[in-house]
Structure formats: structure tokens, C-alpha cells
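Notes follow the structure.
Chain naming follows the written order as A, B, C, D, E and F, and within any one chain the residues start at number 1.
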Amino acid sequence: MGAPEPAREIEFRPSRMIHFLDFSNDKMVAKAPEIAAKTDILLGNLEDAVPVDRKVAAREGLIRVGKEMDLGDTQLWARVNSLDSPWVLDDLTQVVAEIGHKLDVVMIPKVEGPWDIHFVDRLLAQLEARAGLTRPLLVHAILETALGVTNVEEIAAASPRMQGMSFGPADLAASRRMKTTRVGGGHPGYRVIEDPHADEGAARMTAQQDPWHYSIARMVDACTSNGLLPFYGPFGDIKDTLACETQFRAAFLLGCVGAWSLHPAQIDIAKKVFSPDPEEVRFAKKVIEAIPDGRGVHMIDGKMQDDATWKQCQVMVHLAELLAKKDPELAQAYGFTA
Amino acid sequence: MGAPEPAREIEFRPSRMIHFLDFSNDKMVAKAPEIAAKTDILLGNLEDAVPVDRKVAAREGLIRVGKEMDLGDTQLWARVNSLDSPWVLDDLTQVVAEIGHKLDVVMIPKVEGPWDIHFVDRLLAQLEARAGLTRPLLVHAILETALGVTNVEEIAAASPRMQGMSFGPADLAASRRMKTTRVGGGHPGYRVIEDPHADEGAARMTAQQDPWHYSIARMVDACTSNGLLPFYGPFGDIKDTLACETQFRAAFLLGCVGAWSLHPAQIDIAKKVFSPDPEEVRFAKKVIEAIPDGRGVHMIDGKMQDDATWKQCQVMVHLAELLAKKDPELAQAYGFTA
Amino acid sequence: MGAPEPAREIEFRPSRMIHFLDFSNDKMVAKAPEIAAKTDILLGNLEDAVPVDRKVAAREGLIRVGKEMDLGDTQLWARVNSLDSPWVLDDLTQVVAEIGHKLDVVMIPKVEGPWDIHFVDRLLAQLEARAGLTRPLLVHAILETALGVTNVEEIAAASPRMQGMSFGPADLAASRRMKTTRVGGGHPGYRVIEDPHADEGAARMTAQQDPWHYSIARMVDACTSNGLLPFYGPFGDIKDTLACETQFRAAFLLGCVGAWSLHPAQIDIAKKVFSPDPEEVRFAKKVIEAIPDGRGVHMIDGKMQDDATWKQCQVMVHLAELLAKKDPELAQAYGFTA
Amino acid sequence: MGAPEPAREIEFRPSRMIHFLDFSNDKMVAKAPEIAAKTDILLGNLEDAVPVDRKVAAREGLIRVGKEMDLGDTQLWARVNSLDSPWVLDDLTQVVAEIGHKLDVVMIPKVEGPWDIHFVDRLLAQLEARAGLTRPLLVHAILETALGVTNVEEIAAASPRMQGMSFGPADLAASRRMKTTRVGGGHPGYRVIEDPHADEGAARMTAQQDPWHYSIARMVDACTSNGLLPFYGPFGDIKDTLACETQFRAAFLLGCVGAWSLHPAQIDIAKKVFSPDPEEVRFAKKVIEAIPDGRGVHMIDGKMQDDATWKQCQVMVHLAELLAKKDPELAQAYGFTA
Amino acid sequence: MGAPEPAREIEFRPSRMIHFLDFSNDKMVAKAPEIAAKTDILLGNLEDAVPVDRKVAAREGLIRVGKEMDLGDTQLWARVNSLDSPWVLDDLTQVVAEIGHKLDVVMIPKVEGPWDIHFVDRLLAQLEARAGLTRPLLVHAILETALGVTNVEEIAAASPRMQGMSFGPADLAASRRMKTTRVGGGHPGYRVIEDPHADEGAARMTAQQDPWHYSIARMVDACTSNGLLPFYGPFGDIKDTLACETQFRAAFLLGCVGAWSLHPAQIDIAKKVFSPDPEEVRFAKKVIEAIPDGRGVHMIDGKMQDDATWKQCQVMVHLAELLAKKDPELAQAYGFTA
Amino acid sequence: MGAPEPAREIEFRPSRMIHFLDFSNDKMVAKAPEIAAKTDILLGNLEDAVPVDRKVAAREGLIRVGKEMDLGDTQLWARVNSLDSPWVLDDLTQVVAEIGHKLDVVMIPKVEGPWDIHFVDRLLAQLEARAGLTRPLLVHAILETALGVTNVEEIAAASPRMQGMSFGPADLAASRRMKTTRVGGGHPGYRVIEDPHADEGAARMTAQQDPWHYSIARMVDACTSNGLLPFYGPFGDIKDTLACETQFRAAFLLGCVGAWSLHPAQIDIAKKVFSPDPEEVRFAKKVIEAIPDGRGVHMIDGKMQDDATWKQCQVMVHLAELLAKKDPELAQAYGFTA
């Protein structure tokens, strides 16, 4: 109600993609280290897409990964089942007890209001105390119902554990009764059309529109004003890599820091999209070097730069530096060679 | 403030179009049954577009329709005059007293906050008690002012009578001082432009944007998170059927269940747009049949399906089933033949 | 919480552009009257783009303009430094003391919540009393952080001094971590793409999207539902006049009344965009003349007009009349000749 | 949410007692002028205490009083039936239509939240317009349910029509399940007891407590912070004039301006209690005369007086002046002789 | 935000005392049926007063009582440890799993806001589903911190499981830094004093005040406006039965339905205090019989009765009827003999 | 909106009395060190009780005290003029600039809502930065209007600078139109009366009530739930030391930590009242020693003690320890001798 505290500083680690794996599959358990080397975040999925008869196996597989596998500095996350499902209590209890010290973030699906986060917050506190953990587990909410969008600012502020949010277009579409069976991306039916031509027979140009603009932009504001990281979620048509890239980049432009990858092919798309363009990074570095104190107005490459554009350049360069530490190729592309 | 009650289940009847008629015209009264046969909802309009000297005639005509005409299973609604007009008290008093048992929904224009719904709610309770009605009248709000958009979530939650909302672009444009004199649709002045070409003389591509995206998407969330039905409202250029269809379909994609028809030609457009595409319905049925319990991940026609897409398919098929009951042609198109 | 008071009527003066000047430059001080003659609002900028070592000079230059220059009926505004900067207290104290009676509006950057307006409100009251001013200074907030967008309705309602808001895309982009270093306009990376063609090799059409739609539309609602005037802010690429015009017009369509001009070239763009089109004005006048009481439904030039479109026409004509008083050329174009 | 507007100035007329009459009794109609001469406010009661078969007669009697009787400058109020009763719509419709220009205030029983005031507010606006009234009717709410107390601040702020509130202890007691069948006053069962004596056999002193302290004090704050007048309501034991006087004076001390009188004997009690004590008025006048500007610290009659006590004295003297205008005896007692 | 739903009807069972037992003591387990016969509610205490090394034994004892003992129609409740303790998760998990079908209510200590209830609500849902329970467990909150009092209305509304609240004066005193080490009751230091006598040497009368008035009255409003039952909690000085009775009766008068008993002696005090007085019941019955429809004004035993006092009498008689069903002696005292 | 952060720990220094001095009097400036030795907090008063023509002298006197006098470890506070007065801006600007490093707390009169604290918060930040202060000044609000009481929880939470609140009964009485000209204490007119005796002629006992119970209790909750210290404010009748002591002790019992002293005689009263009674301290020490871990139930001196009473004893002993450090006599009385 009063003036807000300064936004918490979530430690900003590379987060370009959250790669989803179903560890009920023993092969996937075995391959975890190999896949981890290619991705920023590895997530053991216990919820949707895992069939009922493999829920327990998926949980046990995740625990084996946490206990036995070396994932380097790749983050390990878990997506537990939804809060009204019969599995979530065991998911949380066992995962925290067994691999709480290896886990970075717990992803909670179908969050609809701050009450959902309050429940998870308190339960984690109990389970952490029991397990003797000293580092609090963070919470990531999926935004995938109309009610969740309506409460998104309160969800973001519901607990200091909040690490970020992902945008879930498929469940959200169903919740809103949007008439699509796609998972993310545009839809040929959502468009505007130009006025008729004087020549009535001539075809009228139409342009497709982004059905997710409002929801993603509002989620980004809720997240960034509370110090959280916003992510785009799944893109369903694995084969349409061009549409996937377009969707990821749109989210990137609106402020998302990463996306989900459901297939190895999407890891590379996410890496490409969410690593800033070397050209832009070089330009941003030039601006920062030319304006050491970030004040005043300057002409650089024929464009006017001031305090505000200087901050935009900082965002770009900070992200590039972070990613360059992990990736020598990027370091070279950005010109951060030692 | 606390965890929400589960959304009420508004009885979901076919609602693809709300057809507006001015019953101050005796011919319209006579034709009501014939028109009703072609439309899902028939609305007697008492407000805008009815001139001052015919307000009483429009009300009396509506009452005659309610009393004397057989509309089959088509819903009968009334749009009363605005809450600050000199007619609304008589509109409500007489309509409820005379044909309250025949009326399904009262549409309230220019709703700006929950206080407007509180007034209608209490007044209807008084009038229903007086008329001995046993079934509560439902309320449909038109969203057509900037203040209304700002309060849309509170309006949706203001009473258990709330049945839905319609989006009113013309009044909303005036309230916001948007610089257009159109009723719905896009506008050639709202667009983005591509960057200049290296070849400076070359024309730059521009694309028109949807000026209503935010407002409709937020209304859909407010409605669906409270169990209400969202509608797109009027499209003003009767002759431009292609632009009308484009607007309706955009609303459909964003989650609206129907639109207004101001002219018989728009009935057919609404019927076409808001009845889901048979191809999509067939695909959705296939998904549901292949995944009886809605769990796990499956490949169908080369696309990955899981719990979330299964829900999207349910939305599609449920709507198709509902419409098929009323329309044998659709039943056949959807393959719901007995 | 209760029913709102009717929106205050901010005196609506021509406000098509806020022209930014840095009066630390003596030449600019001298040219102020000449520039004032071409612009609706002249703003002395003390914040971003003014380097640290010229902050005092800019303030003193502004005071000289206020004291010594005759700006005709052009409004004089000041943009002070941000509320957490070391300059703002002196900015406000000196400017109000020295030229409070000449100043119309104080622009406050980086407003994040109602608390910021509460501070300015009380401080101005103190300074006005000290200076013996009898007309309250108005406040204009810049919306340029994610938190500000989240609180925009509360900011708009925070004080009866609130005159309007400007949209600041560069700082907002940085605050949201949007990946752009541009100031306003679209971005080639934010687009949707059409579905693949049957012919897989064929190029797929993509259309750029408006990254600012949600934020501007929500700001317009917050402003107009509280009786404030919304403005688009800066467009950074001075040379790309076509993109500037496109951006300004998009804002105009969504309900903004004006924009910032950072360069004389942009004054003319703003004048062109934010003065309604003579064709539209003439059409609007015809509608109003044909429907003196604004009631009922009418066919004009083959288009149906009713109470709602009549209001849209009123918005158009009122603005035209206002501008025509200041500009004889426009008066003639609109057909308002005496 | 923001800084509040200055509290409205309800015209402060003598309001020491609201005398309740049942005008279904023709004799009471005839005696109205005579009783009016002795009371500040005369109220026609249509609600509790009027039996069902005389509801219409009470309403008609009130209308006759309004139309035919001369009440001098005594206010005329009406208490209508509760908002969920079958009479309230006719009560309001007929009373406003017939004697709206003679009526000062409408008293609404069992108000539970701002929604109740929103309903009355809008309905009165409709009825006033119909009746051609130019002075808005004011609204007085009775606080007599637990939910009403919980929402008392929102009720007070719900409409600019709000004139005041009355405290209704009997219904409130039932709503709270307080175990009493009394109407106002203390109860022998609500007490505290001193610690036991060393001499265990000795009787321990106990003191009765005020069961209404919290509720009345909170109502006074809600009223005075919104510019409304708080009243104590009924005292049921007509014969126990001493207890009645004690209850009235307790309310007076806590900030109430008057009380209900249910019997002529209570008129005199209210007059005595709610007219400030001449001794106190004389002392207050002395303080004000000694400190013309209300600033600094002064010793008067051996007591220290400063800005705050000066304001307390102003409250006392203003009330005395107001009452003295109506009552020559009081004028003399207060020393306000011309 | 909108008009409230009608308050839920918590099934109103005899609830005059909640008798606290520590079942870590085997003798207490054995005596449970015998004690149950004398009390309305039997509570197995796991929290404060149970030492750390007997927490597990107390839980196991309670489970044995639930499984093996026949308590007749006396309710069985459990007070679990506080939500930030290391025991509460096991308390809830084991108690619900083992004796969830025998348990009526879970008492939660130190509730500070709705978030605490949200946690318990969701966790119970999980545990009930696991245990196959079909009747939802209810929740009773103890109000014993300053923050809890501040949020009491939101706590009461936080879940449909809410059954009631108890007032905990000892923890609350510590939380507020009240300077007392007593548990409930008055304190000799909290008093007001009469003005000095003219005879300065004469002793001045002082009266002790109720330090809990505000807190209990506000809790009663929060409870009754949400359909919950308010209880007074513990009275610490077991030997001072007179002070205990005085405290209990004060709570009864303010609207509480019962209190805690910490010792068998307090069971009888509670039974006496919270069973309404036969004289008052008889009077209330007479009022109800004389006014069958609860309308109008009547003189009974020389006191005026109307709709409001009739409701007060209903409260009294309903409670008497409820208690009479369980207690033949009371039935006779109230004259409810068959 | 979400779960609260743990209450901040305001450094708890001896705060039994805030002694008010008017430093426009040179003698008072000179005596400051001597008075400081006897009091916990010394306050330079600039507001009420300082006449207009000595406002500047009072401010300058305070600055001299801050600059030139050695006050030992006694806190130095300033009460500035109210936020709508012509002096407050200079009060704050000069005091912070000149003696900001010597000042502990700024007391703000007539705070009505969080907006007042927002203003002071931001202004202090500006002035501290200017003065190069590294320790933030704290803010103490006086609660002395009806609106302030209504907003007390929001005021307490409005800024991390909030140190505490004082209760101002004289202004509050005027704001509420309470009919008293006293400053604090009871009033002979606020009482309850016992029921009549069977012997009608016998005198009926009446007991005076505490008119401030609700307001102080609510302030204490608002303060302690946010980690602030609540104080009772002024007692006006300097000569009536017994009534002063009674009022102070009532506040102490309800949770206040200290009071204002307006005269040296009141310093001693405050010292006596707000230093806990040695008997109670000794008893509390015994409880703590007997229950080292604060768990379980114990019989001590024949009274049952558990976790809750243990906490009450901690409050008592902590305060005693704090005061003993400053006062050797108290140390001895409490038995804290080394």
C-alpha cells in the first residue's frame, strides 16, 4: 500500500531456455549430464505430458538425477503437479527431502492467485527445515488461466521466494475459451484487414496479429516491477522451427529472458534468440564507452543517445557479459576476449 | 481477498449472435418469430438508435413480443436505457412486471463500476418479488467507457446475476478520445512500419494493428475468470461484410463467444464465425478419442498433444455439440449424426 | 471504493506537441519566443539529456525564459529531475519561487506510484503558498517503469493537480529488459508469422507488431477515466520522419492528444498528425448537423449513425474547433471561417 | 487510495433528537405540527414497529404530513423499510414523488455495505429527476448489523448524499448474538472485577462496562472523517429516564450529535444532554476570547490552553450558537443575548 | 468487493466450552469418555503447555482417543502446533490420516493473516483426499497477535472451512507489549478515575476497565458477519473462579458463544455462563409467542417490543432449545418439557 | 497483500517520556542538558503551544541545543509544524541541514493518511542527501484526527522510517466533535449505570468509562504489528497528578511504552509508571528461570505458566533490563546488580 521496497535482486544466471525432460524414462536419466551441457536450465517434469501411471517413475527419476548426476553449473528445476492434484504433496515432500540441496527452483503450474503461492511458501519452509536446508528454494509460477492473469501482480508479490513466471498459452487458451488448439504462436484467424480499395474487386491486405501481446506484456510488468524473471513457455509445433523462432523473439522483445524447450531443436532456437545479437551488443558497448557517466545527450553513429538509451544499452551489455562467461563462442562474438 | 469460489456455471446456451431489433416498428414485432428462428438471441433495443419520441413505443413493442409471440428456444433479451437516463426506471419496472417470465437477460449500457451493477441487482430483486418471478433475471453489461475498462474485473464480480459482457467500441472510442468515427474494426492510421531499406527510395512495408486487442483480452479474462460469457459488440459498416467477418473472427480467437448483429446480413456472418470450423472440430474429436483420460503426451497427425491441448480440444467439441443440437446442418458437418 | 465523482474538466488547450528545449544554451533562451510561436507547449528540460555540469545552467535558463520572454499563449512547462536525484528539490523550489506564475505544468519523470505524486503535491502546496501563487500548478507524470505501468490508475487518481501523462518508451524498455536500444517505434524482431504454405519452399508472410499497444491503451484509460490528457513521449530516430509520423499517428488513434518533439522537424509532424484530418472533420460536422439531439439512427453518406457515433463526431469537431482558434490555416481547412 | 478531498460540509442544523412517529395513526398526523415545535427532527417511521397491515397507512400518513402540515424549520425525515423488504420500492417512489420537496433526509435501515448506498443513491437520482426536484435528498444509514460495522468506513464514503448514521443496538445485538434483550444501555452481565482481597471473604468490587464503546467510537470516526453526523439510536426502556440520559450522554461524549426519541419524555432528555452545558460553553468562550488567533500556550482559570484545546472550545461554542438561534432560553443560558 | 453472499450457516452445535486435554498423559486418554460426557467440545492439545519432549506422545494420545474412545456426541477437536513450528506438518498429516473421520475441527494457533488459512486450507484438501474423507475438516483460528487483530476480517473470510475463532489474551498481550503477566481478566492498573472532590483530601473513586473490549468486539463482528462462531479463550487463574466467571460472562454479553476450559472447574463455570438464564429465556419465549410474525410494536411486561427485540429473543430461545436437547436439566429449567 | 515481512526491529531505547520544551526561551536552551539528564527523550517543540511570533525563535533555539549542548545519551527529537502550515518546509530544511546528525526522530503532527508519511519520507531523503547524513532520520506520527484513526494501519506501514506514534486526545476530540475541553483522561459524562434497585429510591451505582480505549488499542495493534513504538501523548491538567498517573498507567497496560511530559512533574510520573513494577519483574524473572526453554506447563507460586505467559514475562524483563542500564536505582530495585 505504501512506497515499495526496492525490487529484490534475483541472482541473474543464464536462463535462455528451460529444457523439459521426463525422467520416468531411464535413458533420459542417463543422458541428463549430456543434455545439461547444452542448456541453461534442466527441468524434471512431473506434471502435464507425464501419464498417470508414470507419475511416480518421473519423480523417482528426477531424484536419481539430483542425487547421482553431475550437471555442472546448469540449474536443476522441478515442475511439480498442480496444487489440486493427488500428487503434489508427495512431489514436494520427496523432492525437497531427497534433493532439496541440488534443486534451484520449483515450478508450480496453474497458479491462480497469491493464495497458491502462500501455500507453497509455507510448505517449502516446513520441508526445508525438516531437510536441514540452509538455502531457500525459489518458486516459479506458470501463468495459464484467466484468473491467474487477473491476479498476476499479486502473484508476483506474494512471496520473497518468487523467482519468475512462465507464460502457458495452451491452458490459458482453454481457460479463456479461445478457439484454437495450437500451443503458442499466432493464428490465421486473428487479423485486421485494410479498408476496401476504390477498385472493389482488388484483394485487401490483411495482417495477422499477436494474440498474446496483452498477457505477456502485463506479465513482464508484474515480474520486472517485483524483481522476477519472465519467461515465454512452450511452443507446440516442434517441426515449425521458423514459427517457434518468431514466437521466441517476440517474447524476447517484450522483455522475456528465456523460453521453454520441449525438444532438442528448440534449445538451439532459444540459444540463438535469447542471446543478444552481436551487432547490437557492439553498438551498446560503444554507447556506454562514449558516455561513461550515463548523463547528457550524445550523437553516436548518427543517433541521439541520452540517459535512457544508455540504460537500454546497459541491459544489453550486462546480459551479453553474463552469457559470455558460460559460452566462449559468444564471448568472442561479443568481443569480450580477454 | 481470499481464495475464490469456483466460477459459477452460467448455463451455456447457443449465443453466437445477439440480434438487435427496434420494436417501436410494428412490422418488426410481427416479424419477431421469423427472425428468432434464424438467431440465437433476440434483443429488444430501447437505448441508443431509438429516438426519444419512440422510446415508449419501443418498450411497448418489446412487451408485445414477450407476451404474444412464440420465439421457440431463442433467448429474449432487452437492452434498457442507460442508468442516468430518464427512461431506465420505467424500462425495468414495466418490462419485468409484464414479461419478466419470458425474458432471459437484461443488457445494461455504459456500466462504469460495480456500483452500477449493485443498483440493477437490488432493483431487479424488488421487481422480481413484486412480479412473483421465481427465476432470477440475469444481467449483461456493455463495456463502453474508459472507466468501465479500468473496473472490468470488479464489474464482472459484482453480482451472481452477471451473465456476460459486450464490447462497445464506438462509445469507448469517444470516451477515450480515440480519433475515429468508425464502429469497430481497424483503422488505417493505427499501424507499424518496417525499418527503412538500404535503398532509401524503396517503399517500406507497414501493417495495420488491432486497436482493440488490450481491451477485449482484458474483458475476456475478467469474464472467464468469473464464469461469464464475453461478446464482441457492434460492427458499424453493414456493407463491408469482409471487415465484419474479420473483426468477429478476431474476437472469436481472443475468446468471445458471439457478437451483435445489427442487420440480417450480420446474422449469417456471426453464425459462420462463431460456429467452430468442422475441420478443427474433427481434429479435436480425434485428439479426445485418442486420449480418453486427458493425460500424458501423444503424437496425433504428427503433432504433440498433452493435457493442455486436450483441454483446448474439449472447448472446441463442447461448443460444437451445443450448436449441433440446434442446427442439423452443423450436426452433420461436425459428424454428430445419430 | 464508492461511485466516482465526475471526472474533473482539465482545461483543454491545444496540446499537440510538447517541445523540449535545453535552456543551458543561451541561444535557446533567446530563440524561445520564436520557437514558442510554432508550438503548443514549450518545455524547459532539466532532466535526462542535460549533463550534470549543466543542470544549474538549464534551470537558470528556464527561469530567464519565464521571467524575460514573451511566449504568447503557448504553455510553458518544466521537466524537473527525478525524485531520487540530488537536483529535484532545488529545481522545484527555485522554479516555483521565480516563475511559478508563468508556469503551467511541472513534468515529473519516472513516477512509480501514487506516493510520488503525494510528495510533489504537498511540496508544491508549500512552495505556492510561499510564493503567493493563487493558481495551483498542475502535474504531468512520465510513465517509464514497469512499476509505474502497474500503478498507472492510482497515479492518475493521486491528486487533483494531475494534468496528464506521457509515455516514455526508452526507460520503460530498460526497466522491463526489453531487448531494444531504440526510443519508441516498432522493432523488426517483434512480429507474427503466417502458417507455412503447402509449398514448403515458399516464403511466409510476417507482420510487425506494435510493442507498445497494451501500455499505451492502459495509460489512455487511466487518464481519460480521471479527466487527464495522455501523450505519447519521445521518438528517438530524428531522421526517420516517416516512422515518427507512424508512431505518432498510432498514439493518436489510441487516444493520445499529443507527443513530444525533440527536434523542430518533429513539431511539424506532430502538428500534422494531432490536428484531425479535414475530411474527417467535415464528415463529423455533417453527422452532428444532421442529428441535432444526438439521438436515434440515421443514414449519412450510406453509413448508419447513432448516439455513439455522434459522440465520436463530437470529439473530432471539438478538437478541430479548439485548434482552429489558434491556427487560421486549420480554421480554413476545417471550414470554420467566420 | 490517494489523499482525500476535504470533508464535505453537511449543513449543520440543530439535530439533537430524531423523534419517531407512526403516521398510520391519524391523531399523530394531526399532532405533527405541535410535536415538531418541540423537536429538531421529525421522522415518519415506515419500518420496524409499524405492523404489516399498517405499512401503507403509515406511508400515506407521512405524505399527508408532508403535504398539509406546517412543521416550521423542523426537519422532516422518513425511515423507509429495509432494502430487502417488499415495501421499500413503493416507499421511496411515492414519498419522493409526493413530498420530495419537503423531505430533508431518507433513513435507510440495516445498511451492510456500500452497495446498499449505491442502490439508494441511483434510485433517488431517478426519482428526483422524475419529480423535478432540484435539491438532492440526503441519506442517513442505520448501523445495526455486524457486517455493517465491518464496512462502516466504506458506507460513510459511498455517496455524497450521505448525511449521517445512527447506531442501532437492538438489531446489532441480535446480529452479533449478544445475549441481551435490551435496547441500548449497559447490561449487568458485562463487567470487570477487582482482584481478591487479602481477606478472602471480603466482597470484591466490580464495575459495569460499556458494551457499545468500540462500535460507537468507530462509527464516529467513520462519520466525522467523511463530514457526516453520527447519532446514537434508540433507548428501549422508556421508563428508565436516568439510564436513558446516561446512555445519551455517553454517546455525546464520544462524539454523537443527537439521539432518537421514541417517546415525548425522551425529547427532553435529548434536549438536555445534547445542548452543551452552559458552564462549559462559558468557559469555552473565555478561552476563545483570550486567544484570538488560536495559537500559543495560555493559562486560563489555572489550566493550560493551546491550539488543540482552542479547537475543542470552538466545537463547543459553534454548537451552542447554532442551538441558541432556535431556542431563546438556551441563548440566554449561554449568554448570547443580543 | 461486491455485495456479500449470505453468511454460511455453520452447523450450530452446543459449544459452551472447549475443554483442553494433554493426551501425552495416558490417564487422560483413558478418562476421555468420562470427561467428554461433561463437556461440549473435547480438544486434544498439541501446542503450548505441551513440552517439547512430549509433543509426539500428545499426538499419539490424541490419535488413540480418536480411534478407540467413544465420545458420544461431544465434538473432538485438535489444536496443532503453530505454522512455523517443526511439528505442525506431522501433526496435520498424521491426525488427518489416522482420525480425520472422527475429528470435527482443527484449531490453528497464532494466525496472523489470510495467508495462514490459505496454507491450512490447501494442505487439508490434500490430506483429506489422501485419506478418502468426504466431509471437509473445519478450521478454528486463535487470535493472539497484534497483526492477527489487524487482519481479523480477512482471516474470517479466508476459507469456507472457517468455523470460528478464539481470543488468546496471553500471547496477544505479549505481542502488544501490554504490561501484564496474567492470562485474561482485568488488571488493577487499567482504570479511570473520577474528578477530584471539592474536598481535596477525599478519596476519588476509580473504576477498573475491560482491557479486551475492542479486540473481542471486533472479533465478534468479523466472525458473525462471516457466519463463524467467536469464543473467548483461556482464563489463567484457575483458583479465581469468580474472576473467571466474570470474564466469561463479559465475553458472552459481547457475543461469544463459549470459552476454553483448562481445568474441570472451568467446565462448570462455562456451562453456567454460556447457557442463557432461564428467566431471560422465559421472557424471550413470551415475546415470541405474543408476536408471532415479529412485526409491529407491543407492550409486554411493561416494555416495548418490536421487530428488533423480537430478533434478540429469537437468538436467546434458539440457543436455549439447542442446549436443552443435550441437557434434560436445562430443558426443564427452560420449560421445554415435552 | 501477501504474507508480511517480519516486523523491523526498531532499536529499543529507553522511551518512557518525551519531554516537551519550547526553545524560543533562551533559559530553556541553557537548561537543556540538565533536563536531559532526567528524561529519556528531549523534544524541541515547534508546533502547537508555540505562538506565531516565536516560531522562528523556537526553531533556532532547537538548532542551538543540537549544536552546542551535550545531552548525553538522551534522545533529541523535534516536533515540526503541521504539513499544511507555512513553517514546516523551513522547519525540516533547516533542522536537518543544521543538526540532522544529532537528531533521532522527527515528530509529525496531524498525520491523516499514508500520503503524509510519503511526503515526509521523500523530503527527508532529499535533505539527508544534501546534508551528507548517513543514518536515516526516523519519523513519529501523532494520531489526532478521526481520519488518522481510520487510516492508522496504513500510516504505520507507510515507510521504513516509521519509529512510532503518539496519541493526541485534544485534537482528536475536536476532530470527532467529542464534547469535552479536557486534554486526555476520563470525563464525568462518559459512564454506565447499574439497573434500578427494587427499592426505587436507592441511588444507582455508576462507573466512569475510558473514552480512549478503542483508539489506543487500535493504535497499539497498528504499531506493534509493524514494529513501531506506541506512546500516549499529553495529559493537560498539570496539577492533577493522580489523574495523570491513572491515564499513563492505563496506556501502559494497553501496550504504550511511554507518554509525553509537558511539565517536570510529569517526568517523574512517567518514570514511575513506565518502569515496570519491581515485584512483577522479580516474578517474571522467576518464571523465566524456571522454564529455560519456554515450553510446557509449570506451576509457579501457585499459578500455571506456559509458553504464552513465558513470553509475557520476557516482555517485562527485557524492558527492565533496558531501563536498568541507564538507571542504577532501578537496576537495584530489579535485582540486576552485578
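Throughout what follows, a contact is a pair of C-beta atoms (placed from the backbone, for glycine too) under 8 Å apart; a residue touches a chain by one contact, two chains touch by 3 or more.
Owing to the predicted nature of the structure, the values given are computational and were not obtained by experimental measurement.
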Using direct touches as single steps, what is the fewest number of steps from chain A over to chain D?
-> 2
Report the chain whose mean Cα position is at the greatest distance from that of chain A.
-> D
Measuring from the mean C-alpha position of chain D to the mean C-alpha position of chain F, what distance in angstrom results?
-> 34
Among the residues of chain C, which ones contact at least 2 other chains?
-> 2-3, 114-115, 118, 121, 207, 209-210, 213-214
In the complex, chain A residues that touch chain E | 83-84, 86, 88-89, 114-116, 118-119, 121-123, 125-127, 129-130
Name, in rising order, each residue of chain B that touches chain A in their complex.
-> 2-4, 153, 185-186, 188, 207-210, 213-214, 217-218, 220-225, 240, 242-243, 246, 249-250, 252-255, 257, 276, 280, 283-284, 287, 293, 295-297, 302-304, 306-309, 311-316, 319
Chain D to chain E touching residues, read off their complex = 22, 47-52, 54, 112-113, 115, 144-147, 149-150, 168, 170-171, 173-181, 183, 187, 189-196, 204, 206-207, 209-211, 213-215, 236-239, 262
